[in-house]
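Multiple structures follow.
In what comes next, subunit A is part of two complexes: it sits with subunit B in the first one and with subunit C in the second one.
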Partner chain A sequence: MKPVSRFPYRTRLIAGISAAGVLLGSLVGISLAQVPKTQIYDTKTRTWIAYDSRKARKYYAANGQVPEAFRKQVVVFRTAEKPGTIIIDGNQHFLYLVKGAGQAVRYGIGVGRDGFGWAGIVRVGRIAEWPTWTPPAEMVARDPNAVKFAGGMPGGPDNPLGARALYLYEGDQDTIYRIHGTPEPWSIGLNVSSGCIRMNNDDIVDLASQIEVGAKVIVLMQGASLYKGV
Partner chain B sequence: MLCTSGTKVGKKLPLLLAAGSLALAGCVSSPTPENMARNTMQTAPADLQLACATAASTKFGADHASVLPVSSSALDGGKYQIILEAKGQRSTCLIDSTGQVLSLEKV
Partner chain C sequence: MKQRLYRERYLRDGEYVPAKPVKRLRAAVFGRLAALSFLTSIGQAGPASAADLVVAMPNWPSGQVTANIIKTALKKDLSLDVEVREMGTMTAFAGLASGQVDIHPEVWLPNLNSLVTKYADKVQIADIGVSAWQGICTTKQTVKKTGIHGVKDLLDPKKTAAFDTDGDGKGEMWVGAETWSSTAIERIRAKSYGYDKDLQLLQMPEEMGMAAVDAAEATDKPIVFACYSPHVVFKLHDIVKLDEPAYDAAKWHVVLPADDPDWLAKSDAPVAWDRAHFHIAYTKSLATRKPEVTKFLESIDFTPEEITDMSYAVEVDRISPADYAESWVEKNEDRVAKWLKGRGQ
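Take a look at the complex of A and B:
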C-alpha cells in the first residue's frame, strides 16, 4: 500500500480532530501526562533511535510499509485471557488478539499522544464497516470545510476512521474511543491520536473479521491520563 | 591487549576508542527484526503484566476484571517490577521473563 497523499483539506480535518480531542479532554477533565516514546533499532549504527512522525513518514515513503516490528505477526503470548480477547499495549504500540495455545496475533497500532493516552478494561460494543465520521460541533463551527460533513462524512478511503471501527463500551456506555483504520498508515507506531487506537486498514479488516461484539478489550498504558472500566 | 605502550596511548587514543567501540558493538547482539521497536521507558511485555494481574486477583481475592497493571519497569537479570491497581488498592509484583511471579505484595 502506497503512502496516502496529503492535501490541505485532510490536514485541516486532522487538525480539527486533534483540536476537538483537546476540547473533549478538557471537558472530561483529563490532565496532560507523558507517555513513553517509540524507539527503533538502527542496524547501521547498532543503536536505538527515536522514531517520530518525520522518521515514520520517511520510512513509509521509502519502504511502502511500516517497520517489521509493527507488521502483523503471530507471537508467543502466555495469558489466562480467553481466545478472542483484545489486549492493547499502548506503550509498545502493539495490539494482541489472543488465539489460545500460548499464541496471539500481534498488530502495530498508533495511540493517543501526550495527555490523550488511556487505560482500562472495556468491551467491543459495536462494529462498523467503512464507518461514517461525524466532525464535532466545535470543528464544524470553526472550519467552513467541515460544514458539509456536519451530518457525517461517508465512509471511504479518506475517512479518518478507515475501513472498520470497533466502538469501545464501558458497560452499556460508549466510551467515545474506537479501534479503527486510518488513511495515514505511516502513523502506526506513534503517539498521534486523540485517544483512539488506529491500525492500518488491512489490519483492522483482519481484526474485525475475527472478533465478536462483546469481546473483552484490555488497554495497558503507562502514563495514561484516564482510566475506563476499572 | 590493544595497548602495549603507555607513551603511545595519547596518539593512539582515538584509534583505541574506535576499536573498543567496535569490539563492544560486536559483543552486543542485535534484536531480531520483529523486536526492533521498543519504548523509552522499556515497559514490561503485556503478557507479563497480565500474568501479574492474574496472580494478584488470585492472591488478594479481587475481581479479575478489576485488576489493571498501571506501571512497569525493567530490572537487572531480565526481571520486571509491575505496579497493579484494583479499586484504589495498589500492589507491586516482581516477575521474571519466563512469566514466573517472584513476589507480590500490597503497597
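Take a look at the complex of A and C:
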C-alpha cells in the first residue's frame, strides 16, 4: 500500500540547525541520505549483521521462517509505558507490545522503502479481520493489475493487508496508516513496503488478539521515520 | 537561570485542577520549572475546607506523593484532618496567600523566584530543598561502545555517527519536547558547543524521547539525549550524565524565541545548566497556628533518589500516590518521627 502522506501529526525535526536559527518544520522536504540497509541484531553475539532482500528470500526459502531476530519473542523491555502500549522502532524493524514487569513481546516488522514519513503518538482506532484493501487511485492508474480491485480487494491470503489490520488514529481521525499482515512473510525486517508497518500474518493475529481499541501506539522518531522521500 | 523556562501548555497545566493521566504530565521538571513568572491571573483555591489543613497537590507524581506523605504523617501522628486538593501552582500560591491553602509540597527554584518574591510576606519556603539538574545524558553501554564521556566528545563526528538511525551518517539526538522552552535552550547549547553541526537535533514529546531510550537499551544501541533529574529514567536504565563546563552566569546568554525571532543567533551558552532545587512551601500564619506542623515541614529532607522512587512507583509500578505515601510513612516511621521532633532534635 502506498498511503498518501497526509498524516495529521508530524513531529518536528530540526535538521542541521543553521546559525540563522531557521526552524525546519515537518519531515517533508528535508533532504536526508539514502535509505540504509537493514541490520539484524544477533542476540547471542549482541552485534548487528547486514541483511537485505536477497538474503531475506534465501533465508526464508531455506528455513520457512524469518531469522530469529524477527520472530515473535518475549524480551526485556524496561519502560514507563503501561502494558498494552505498542512501541514501533522503524530503525531496528521491531514492534514492541509492552507487557509490564520489565518485559515486552517483540515482533519483526517490515517498513516502507521510503519509510513511514511520520513519527508520533497515535492510538488503535479500529481492528479489522482479513480487511479489504483498496488500492490508491494513482496505483490503479499506473498498474493494470490493480484495476480490477479499484472498488476494493476482498480480504484473503493474497490481500496485501494480510490477516488483520490495526487502523491508526489520531484522536478520532484515521491517519490512513495501519499495522497490518502481509502475504509476503519473507519481507519482514526489510524496507520494502510502501509506507505502512507490516508483520507476518501469525504475528499480526497474535498482536491483534492482545490489543484493545484505544491502545496507545508510539512510533519512534528514528530510522524509517526519518527516511527521505516521504 | 533567569530565563523563563516556560511553555504555555504548562502555564495551563499549572492552573488545571482536575486529575489528568500521569503519563501526559510526566514532563515533570521542565513543566514544573514552568514559569510562573508569566503570571497573569490568579485562580481561586476552591471552597473553604472543613479540614484542619489543606495541602495543594500538583499534577506530577513526586508532588502528589509528597502531598500525601504530609497528609498521612500529620493524620497519623498529630491526628490532624488534612485535605489534599489538586491544583496548579499559581492557584496554590494564591491560596497560600489568602489562607485557603496551607502547604505546597514542591516549589521549584529559581524558576518560581518571582512568585516567591511576590508572596514573600505570606508564603514561607522551607529551608531544606532537593537539588535538581538538567543536561545531556547517555547510557552506560553507549559510553563503553563510543568512548563518549563529555559534551566535547559530541564534537567528534566519528563518535556521534553511532547515533545515526536513518543512514545519513549523522547521529540524532532528542533535545526535548517542542513545547518546552528548555528545548530552545538545548538548541542554543548545541550551537554554542558546536555539536549541532554533526548531530541532528530532534524535538518530540517526552514519551517518544523516553521510549527511544527504552528501545535503545533493549538492543544495546547507543543513544544520547537531553535529560533532567530527578527522573524515572535513572531508575529504569543505567544512565550517565555527560561532563561539561560548569555553569557560568557570565557565559550564559540566552534569548528565547518568544522574545526575539533571531534568538538562536543572538544566544550563546557553552556551559552547563545552573542547578535547580525544590522546596516545600507553607503559609506563614501556620507558624503561629500550628507550630508543630511548621517544625515538621522544615525538617523534611527527601533525597533526589527518594523523589525518583516516588515517580517510579507512580509511573512505572502504577501505584496510586496515596497508597505509596501510606506505605512510605509506615516504612519510614523513625524518619517521620524525627521530622516531627524538628530539625537538630
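We adopt the following convention: the second predicted complex is superposed on the first by the 171 of 230 C-alpha atoms of A that agree within 3 Å, B and C clash if a C-alpha of one lies under 4 Å from a C-alpha of the other, contacts with A are read in each partner's own complex, and residues count from 1 in each chain.
Keep in mind that, in the parts below, a residue touches a chain if its C-beta (ideal position, glycine included) is under 8 Å from a C-beta of that chain, and two chains touch if they have at least 3 such contacts.
Note that the structure is a prediction, hence the values are computed from the model and not measured.
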Which of subunit B and subunit C A:I121 touches, first, second, both or neither: both
Touching partner for A:A61 - first (subunit B), second (subunit C), both, neither: neither
Touching partner for A:L226 - first (subunit B), second (subunit C), both, neither: second
Which of subunit B and subunit C A:H93 touches, first, second, both or neither: first
Contacts of A:A141 with subunit B and subunit C, given as first, second, both or neither: neither
Partner chain(s) touched by A:V213 [first = subunit B, second = subunit C, both, neither]: neither
Touching partner for A:V74 - first (subunit B), second (subunit C), both, neither: neither
Partner chain(s) touched by A:Q39 [first = subunit B, second = subunit C, both, neither]: first
Doubly contacted subunit A residues - partners subunit C and subunit B: 36-37, 41, 46, 75, 77-81, 87, 89, 91-92, 94, 96, 119-121, 218, 220, 222-224, 227
Residue ranges of subunit A in contact with subunit B within the complex: 36-41, 43, 46, 48, 51, 67-70, 73, 75, 77-81, 87, 89, 91-94, 96, 119-121, 189, 216, 218, 220, 222-224, 227, 229-230
Subunit A contact footprint on subunit B (complex, rising order): 25, 28, 30-31, 33-41, 43, 45-47, 49-51, 54, 65-72, 85-87, 99
Contact set on subunit C toward subunit A in their complex: 23, 26, 165-169, 172, 174-175, 178, 187, 190-191, 196-197, 200-205, 207-208, 210-212, 214-215, 217-221, 232, 236-237, 262-265, 315-316, 318
Residues of subunit A defined as touching subunit C within the complex: 11-17, 19-21, 32-37, 41, 46, 75-82, 87, 89, 91-92, 94, 96, 104, 106, 115, 119-121, 218, 220-227
